[in-house]
Each structure stands twice: as structure tokens, then as C-alpha cells.
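Two complexes are shown next, each including subunit A; its partner changes from subunit B in the first to subunit C in the second.
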Partner chain A sequence: MNIPSLTFLDFQPVLPALLLAVGGIVLLLTEVFQSAATINRAYQSMVALAFSAVAGAVAAATTLEPAREVFLGFGVSDPFSGAVTVLVCVGLGLSVLVSAGFLRHRNAERGEFYALLLFAGAGMSLLAMSNEFITLFINLEVMSVSTYALSAWLRRGTRPSEAGFKYFILGAFSAAILVYGASLLYGATGTTKLSELAGLLPAAVASNPGLTYLGAGLVAVGLAFKVAAVPFHMWTPDVYEGAPTPVSALMSAGVKATAFASLVRVFLPFAQDLGPNHAQLMTYAFAALALLTMVVGNLMALPQRNVKRMLAYSSVAHAGYLLLGVAALFARPTGGEGPLAVTPLLAGAEGAARQQTLQAILFYLLAYTVTSLGSFGALAALERREDEPRGTAWDLEKFAGLSQRKPGWALAMAAMMLSLGGIPPTVGFMGKLFIFRAAVDAGLVWLAVAGVLASAAGVYYYLRVVVYMYMRPSQDGVTVPERQWTTELALVLSTAAVVLLGVAPGTLSAWLGKASVLFSQ
Partner chain B sequence: MTPLAPYLPIAAVLGVAGVLAVAISAIATFLGPKRFDPVKFDTFECGNEPIGSARQRFAVKFYVVALLFIVFDVEAVFLYPWAVNFKALGWFGYMEMVVFAATVVVGLIYVWKKGALELES
Partner chain C sequence: MSVENVLFWVFALGIVSSAFLVILARNPVHSAMALVGAFFFLAAEYVLLWAHTIAVLQVLVYAGAIMVLFLFVIMLLSLTDADLQPGQVTLARVVGGASAAGLCLVMVETLSKTKGAGQVIAGEQTQVFGTLAEMGRVIYTQYLFPFEAVSLLLLVAIVGAVVVAKARI
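Presenting the complex of A and B:
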């Protein structure tokens, strides 16, 4: 009998996730134990915010520790996972702030909502650390099941149930595909641990090529569903539209960020250990996915007059830019190895180049997290209750003349739109700069050019919102919901982050550079 | 296909099971006597006379009870291997199990206070 010896100290690396889970349990219990006579739920968002803040601070500390295996190699604790957890906690905190006002306005504020948000956050944090397929699957499900329930939170009406159902059915389907792929990889290599998989892959490819390729492909498809890459993006607009706006924000930021983290963690060994031919194959596969996602996402967003759907398609497009970064990560700029090797500058500095690319991906994830939360937050502040007929609740006309009615909200939304479009001086510009530079350094010049062209198309529909806010007269009889201080605080924070990080990204990008270390044998 | 070789007995058992299932129902269909009467065509209700239709709406509460049952069932499944290795796992294992059981109990308390266990209300 082989019984592993663990101690309580071994749980220290998962402290952020534990804190989030405990916060969720506290919220569940206080919700059912408070007396019905004096019901006041204002404390709930503050409790959720406090737990996210503490978890984020603890995770930030782990980015300074060296990378190591935890739980017998089922997970890893490395600066990268710490940085992703910090991103998740930033997203959680902003989402909680937006939710407080949003739910109060709809009389739908309950402890369970915040509890589900925190449970989803715990799943995300653990997913970023998962280094084994079964662990990865369980944490993916913890994250997904919470978001399925959250997307149908506003039960009245057909749209939330449509969103919940679509997300649940397609999410379950994609998770099944991922598990099937993992089982094929297990069949080919005899291990589910990613750290052991790396060493066994070359032999598996030699003896069982079909099994290995199919398994890897299915795992990639399962994760591509979660990041909403084209052609696995069909659910995105409907789900983001039907879900409560703060939840759409968290889905576009947190779920996507962690899915990208595990995409990198699972597939980097493939590119590293299978030789240059396979690295090239994977680079082209992910480059094709990135190209498709960028182009289709931006083109589909062009005709949307419904701002929430537009933001959903824009999140598809941003997944494309991130996939471009992932493709650049897999390209090996080592010189003399086929068409990818065009930068002799980086020859022999592969590790440094890889770290720089990871840094670009992390920076882009951070930029997208604050910008997406801010733009969905501005939408949540403006949006009236869902009793309006389909399509009108988030119509562009709602933004007409916003600069006169609510200059502060209009300014925040304008900053977010500029950042999503990648226009200086915003963080979105810096993110795009870093990620396109990484792609060019990796020899994917054509893809970077395609990305720049696609994002130029994106500027049209982002700026259209700004034009409506500042240059169109306000419609008669349009009312805006009352102000909620929590939502406005979220807007102030995200606008400040977008502008400050756009002007002076140095400190943060240096920190992310130190955090761009993945565990490796 | 050497890695799949150990699974050959399972494939054999599956094959035998399939053949047996088809054979038994085929033999019964071809050789069995066929005498029908109205009672035989009626719904089988464990020997009782059926009352009304079975196609009606059931309260969602029953599903909550079923879900809770599964949760505690799975908890029991996890308790068995722990109980077998109780001595080897020591106090750490004991505390682990306490935390695990406490989490499930917290869920039960939540469901209880929420009123999901009250079938009549």
C-alpha cells in the first residue's frame, strides 16, 4: 500500500482558492440564517469583496515564490498560476462591485449569487494550478457549473433560461470532448500527469500517432470552447446576452483567462518536447485558429446594434488576439528550422523569448480583464430592467446623448471602448503592442499583420458607441436608472486602471515579467 | 494495439453479455406461449390496480431529495477507503475527513434552512 504523506503545510499553495471557497460558504450560511424581519443584504457584496481582496493578496505573494509541484504533482504552484489567480481576483472584485448595484436594482440580491461567484473564482484559481488531467477536469467543472447557474440567475423571462441552457448543454459537451481527449492521451502514454506526459510523448507519437494526435486535438477543442475561439464560439453571444451583465463580464475575463492558462500549461510540453516539426505544426494550428477567431469575431461584431452582443463578439475577437500570443509561444525562433525562423536575434535565447511571450499574454489578459469589466460595468449601470422587449434593452440608441445626461458614465465607457479598440493612451493599446510584438519576434509577421487589420475593423464598432454618446442628441423620454455607488466605484477603478496602465505600464509589466515562469521539470 | 491487450477479457465479457441478451429475448419471443387478456395489457404496478395516469407533473422537491441522496451516497463511498486505511493515514487523514464531512454537513444545513427538505408547504 502506497499512502502519500501530506501535511497541512501542503495546503498553503491553494490558500487563495480555500479563502474563496470559505467566503462562499460564509455567504451561503449568513444568507439562510439571517432573520427575515431585518433583511439587509448590503453586507454580502462587501464580504465577497473582502474575501476576493485577501485571496488576491495571498496569490500575489505566491508569484514571488519559486515554482514547485504540489499535491504529489497533481498541481503546480508557480508564479504564472499566482498571476492568473490575481487576475481572477481582480475580475471577481470588480464583478462583485458591479453586481451589488445591478442586483439591488432588480431585487435579486442574494447570498447565493456571491457564493457562486466565489466558488467559480476558487475553481478558476485551482484550474490555473492543475497539472493533471483529472484535476484539471474537476476544477474546470467547479468553475463551469457555478457559471452555468449564474448565467440563469435572473430567472424571469426567456433570455436567462436560454443563456443558462445553452451554456450548460454546450459546456457539458465541450467538457466531455476534453475528457475524451485526455483519456485517449492516457491510452497512448499511460499517464494523466502533465509533467510525466512531456517525457512520454515522443515515444507515444512514434508508436501510437493516431491516438496521440486525436487526443491532443480533442483536448484543444474542449479548451477552445471555453475560450470561445471560432469555430467553437456559437454559444458566446447568446449566453453573454442572456446572463446578468456582471456575470457576462466575469465570464469574458476570468473564465477566459484561466482557460488560456490551462491551454498554455497543457500544450507547451507538446511544443517543447516533440521537436521542431511538431512545434511548427502546433504553431500553424493555433495560428489558423487565431486568424479565424480574430477575423470572424470582428466581422460579426460590426453589424451589431445591440451593445451587449457587440461586446460578446468583441470578446471572441480578443480571444483571437490571445490565441495569436499562444501561437507565438509555440513557435521556436531558434534559427535554421524552416519558415518560422526569421529572427536571428533571438537564436539561443529561447527561454527568454518564451518568457517574454508569456508576459505579453499575461499583460493582455490583465488589460482585457479590467477593460471588459469596465465596459460591462458601464452597460450594467445604464441598463434598465429586463422587462423591455428583446433587443432594445442594450440598443445603441440608449447611449445617444449619454455625455449630457451622465458625463461620468460616458467618459468611462469611452475609455473602455478606446481600450478595447487598442487606441493609446489606454491599456488595450499596450496589450496589443506587446502581443503583436511577441508574434513578430516569433516570426509570425503575417499573423500580426492580419491581427492589426482585424483590430482596425474593430475600431469602427467601438468608436460608434463613442459617437453615439458624444455626437447624437438624447432621445426624448429616455430615463436612466438611479446611481449606485458600488457600480460607480467599479467604473472609477477600472477607468483609472485602463488609463494609468496605458500611460505607465512599466511597473506592472515588470511584475508580470517575473511572474511569467511556468513550472517545468 | 498492445496497450489495449489487458482489456481483452472485458471485451469478451461484453460480447458474451450481448449475445446472451439477444439470445434470451429471441428464444422467449419465438418459443414462448402467447395468451393475451386485458389484465396483461394493463400497466404493471407491482401487483396493484393502477390508479390514474403516470404522466403528471412531479414537484421539483423530489429531485432535490434525490440529489441530496446522491451527495451523501458519494460521501459514504469516499469514507470506505479512508476507513480501511484509517491507521496508516493517522491524524492528518482524520482531520481531512472531518473537513470533508463538515463541508457536506454545511451543505445539508444550508438546504435544511432553505426549506428544501419540507415536502409539504
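Presenting the complex of A and C:
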């Protein structure tokens, strides 16, 4: 039998994930030499930060390379996967910075925490590259299992165990649904590789419509759990609230971004190769999901006085805006004729429009990553661990008069809230602008209008935090936790990113435009 | 009738009879042991189908690890004689029994309609399919990427389990 050969070129795109995994192992091994009495583990966050920075830089280099298949089609290395990995590394770096102060304050800083963070990042990076269902499932699990363990990291009161357990059960359930869907698709087409699936789908739909639709639907449900789309969002508020704040931040940014990446990668062939009827069907399906997610997410966030829960629901709402982008991506009628046409996916006028939509999604993901990390970071800076078991650590009252006590923190939090609400001159505004424009260009005007209305409702609860910080007097006897330079660095970095990218998004957006290339056959 | 066919029927009878023992035995430990027997016979059938890898995994994972877990659970429950009396006919049991019977019917119907299902009994496969050598070749070449990802997954699972099992951090 002929043995397929793998060359160095196959392994090169995995380098960022490999770096993250090596960083995790280094942290695990050095933790062995620390005793329980060791208080100062400052080196750990720096090691984790360095590894994520290097991995991000390496991934940024891969976005400039042409798209190609690696590992015999089990993975792809394309600019899109590179950009998602960069995004994950940005999220990881900020999350590590926030974690350092957060954990030190609770005397819970251990090598395993950062190791699990880096492993989760490696899983995300690999997931963005996965082009085959088995690979996709395994990498999804690498990412998920790390976050299950991380969400139960602190044992203060019942909330963390509730969060970990709930996330684990529902996450395992959704992964099982995804695998079931993938196995049905395998039954219908005889392949698990996405690149081959594209060519085999039309025949499969003709001969086995039930199996194909059910399989695709179940895969979509499995991924919708991960991105927390309504009605699969039930776990989100409890898990985000119970998990350590830096971990909630990474969940809302990294997990969501990579789940969206695989959603696009799995379902673009469906929209592209099954003809206009199916593309329209999928557009409607995802548009309905987007509408529901935007409306429910924003309405549920309205009455929340617990800021952490409010951010959780806001993360659901933002998944809705991203789904709007995904629906716009599928709304594009197919350009090339024939399922196996060897034309680049993104060629021609339609291709350019698709690339623009993908660019809008990537920009929104990046905007949401920095904003979400910043807002959870400000929350983490303000949290006092004595309040956590009673669940009052995140009450709106804690923000009252923050502008007098901590003007810097208040300014950062205000920038984040404006960005989440989509008010200029912040990156959140630009992200919403791009994604709504893509939706309007794709003919989904009604959905874009619904999105704008939903985000207008969102402005109320985001601005309420700002009002509390700047217009309410401080409560008596409120103490603020000590300053941690790492947390403050994360706040400065994310605030700078939010404002600068909001004022001048050109360079980044041009780079993301180049990176919006998916591999296709 | 070839040797393979004779062996197939011997093992098939073994599977069915030990499966009946599993549900008919009064003592749960006896049931568990009968299940181990069923797993062994099933492993033997896999060998006849040239699926050596699955046969080995069947014995190692199911007959070994999972059954030990079963036995532990049975012992931890420390059932009394009163618990082991046959229970009443409840709705759940009726529905469960009916769906099992329905599934059985569907399987028989499907298999009888499948072309050539009778021929694929024993020794008919290409004789490398599913052997350890063949599986190893596929795993370490074609499926290298997911295989290596599994090693990362196992590492994460071990670290995560230790972290979650810690009393306090």
C-alpha cells in the first residue's frame, strides 16, 4: 500500500497551536517545583503571555500565505484560520493579564490555570484549521474540556461548581448532538472531509434528503450551543456568572470566535454547492436564529442588575449580530456553476461581496474580543472576593461613583460599554457598521433594521453602567481592591484598541480583508 | 460449512444466551458477569470479521475497564433482597420494552432487505481490514492530525480532572 507522506509544510501551520501547547506543558512542569506555600508565581503569567504573543505573531505570518490543505485534507491552512488564531491569541494574552491579578487576589494562582488557558487556546487554533468532522470534534473537545475545568477553578460558594457542572453537562450534550449530525452526514455522503463533502452534497440531497437535512441541522445545533445562540443559550448566564471572570471573558471571546469560524467553514459548502434554493433556505434559517438571538439576548439583559450576568446576556446578543453576518454570507447567490468547479471560492463580483461579509464577521469578532476582554477585565479589577459567595460582587451598586474613586477604571469601563452598545467613536460601532452594511448589501434589510433596533435597546443597559459610574454617589464604606499592574495594563491595552480602532479602523480592516480567504476546492 | 461459519454460530449462540442471562439473572453481580461473557463472545465475532483492533479494544475497554466500573457501582449500591424483587409493570417499563421491540423489528427488516447481508458473515472480508497493522498504518499516516489532537485532548482531560478534584484552590 502507498503510504501518504507528510512533509514539514504540513506541520508548519500547526506551529501556533504547538507553541501554546508547549507553553502549557512548561507551566505544568515548572509548577511541580513550587510548594503550596509559594505565594509569588508571577513568572507564570509572564510565560503564558510570552507564549501567546509568539503564537499570535506566528499565526499572523500564516495569514499572508496562500490557502492550502494540510494533513491530507484533515486540516486547512488559510488566511482565515490564521486570522482566527491571531484573534484567539489576543484574547488569551489579555485574559492572562487579567487572570494574574485576579488569581493573586484570591491566592489561587497556579500553573495549571494558565496551562489550561493555553491548552484551550491551542484547541481553538486547531479548531479554526479543522476541515474534517472527526478532527473538528476532537479539537472542539480540547477547547471545551479546558474551559469546563477552568470554569470550576475557584471553589467559593456553590456558584463555581454549578457553573462547571452545568457547562460540562450541556457542553457534552451539544458535542454529542454535533457528532450525531456529523455521523448522519457521513451516512448520507460517505465522507467526513468537508472538502469532499461539498462535492457530494447535491447527490446526497437528491438520494437521501432526510438524512442530509437532519445531519446538517444537528451539526448546526451543536455549534449553536457553543456560540450561545437563542434558543440554545440557557447555560450562558449561569456559567459566565459562576466562572472566574477572566475565564468568562475568554469564553465570550475565544470560544465564540472559533465556534463561529467552524460554523462558517462547515456551512459555506452547503450554501455554495446546493444551488440558490438551499442557499436561501439556509439564509432564512440563520436569519431566524439571528433575529431570535438579538431580540432575546437584549431583552433578557435589560432587567439585569448583576453586571456580570448582564455581560453574559450581552454576549448572547452579540452572537446574534454575528449570526446576522453569517446569514448575510449565505445570502450570496452561488457564483460558480457545478459543484466541483476548480474556481477559487472568492472570485468574481459575488466572491468580492462574500469576502467583504467575511471581513465584516472577522472585524466584529476582533472588536468583540477586545471589548469583552476589557469589560470583564474592569469587572475583575473591581470584584471583591468576600462578596462572591453571596453573589453581590457584580451588583450595579458596586459601580456607583467609580469615577471619583478610580477615574481610570471608570474611563476604561465607559469605553467598553460604549463599544458594546455600538456608539462612535469606538470599535464596536465600526464592527456593527460593517456587519449591518454587509446584511443590507446581501438584501437582508429587514434583519439589519431589527438588529439596529435591538442594539438600540441594548444601549439602555450599557449606558446604565456609565450613569452609575459617573452620576451616582459612592456608597459609604466601599473599598476598592488593590491595584494590579497586570490588570491595569490589560485595561489600558483594550481601551486603546477600542478607541484607536474605532477612530482609524483602516489598517486593521485592510489586513482582515486580505485574511478573509477560506480554502476551497 | 467452513470452520468460520461453525465458529460464527457458536459465538453467536454464546452472545444471545449470555445476553439472556444478563436480563434473567436475579443477582446483579451474575448479570454483570454474564455481560462480560457476552462481550467476550462479541470480541470473538470481531476477530472472525478481521476486525482485530475492535476485538482487542472490546476486551480491554468493555470487558475490562467498564465492567469493573459496573461491578464497583453494584457493590456500592449494596442492594438488599427486597430491592431485587421483580417490580411492578410501570409506564416507563412498557414504553422501554416497546421501543426495544420496535428497534429489533426495524433492524431485522433492514438487514433482511439489505443485499447480501447473509454473505458477510465470516472470513469474507479482504483479510487485512481491521487488523492491528492496518489500523496502525492508517492512524499514523492518514489520521495523524486527529490522532495527535487526541493526545492533547487526553492531556487536557487529565489536568482538568485533577484540577476539578482538588478540594480547594
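Throughout what follows, the second predicted complex is superposed on the first by the 489 of 521 C-alpha atoms of A that agree within 3 Å, B and C clash if a C-alpha of one lies under 4 Å from a C-alpha of the other, contacts with A are read in each partner's own complex, and residues count from 1 in each chain.
Following the convention adopted for this analysis, a residue touches a chain if its C-beta (ideal position, glycine included) is under 8 Å from a C-beta of that chain, and two chains touch if they have at least 3 such contacts.
None of these values were measured; they are calculated from a predicted model.
When the two complexes are overlaid on their common chain A, residue A:142 makes contact with subunit C while staying clear of subunit B.
Contact with neither subunit B nor subunit C is seen for A:162 once the two complexes are overlaid on the shared chain. Applying the stated contact rule after C-alpha superposition, one finds that A:28 touches each of subunit B and subunit C. Set side by side, subunit B and subunit C differ in how many residues of subunit A they touch, and the one touching more is C. When the shared chain is aligned, no partner comes close enough to touch A:397: not subunit B, not subunit C. By the touch criterion defined above, A:122 lies against subunit C but remains apart from subunit B after alignment on the C-alpha atoms of chain A.
Contacts of A:6 after superposition: both subunit B and subunit C are touched. In the superposed pair of complexes, A:190 makes contact with subunit B only, with no contact to subunit C. By the touch criterion defined above, A:69 lies against neither subunit B nor subunit C after alignment on the C-alpha atoms of chain A. Note: residues 1, 3, 6, 25, 28 of subunit A belong to the subunit B contact set and to the subunit C contact set alike, using the contact criterion stated above.
For subunit B in complex with subunit A, the touching residues are 3-4, 85, 88-89, 92, 95, 103, 106, 109-110, 113-114.
On the side of subunit A, the complex with subunit B involves touching residues 1, 3, 6-8, 25, 28-29, 32-33, 187-188, 190, 208. Only residues 137, 141-146, 149-150, 152-153, 155-157, 159-164, 167-169 of subunit C touch subunit A when the two sit together in their complex.
Subunit A contributes residues 1, 3-4, 6, 21, 25, 28, 70-72, 74-75, 108, 110, 112-113, 115-116, 119-120, 122-123, 126, 132, 134-135, 138-139, 141-142, 145-146, 148-149, 152-155, 164 to its touches with subunit C in the complex.
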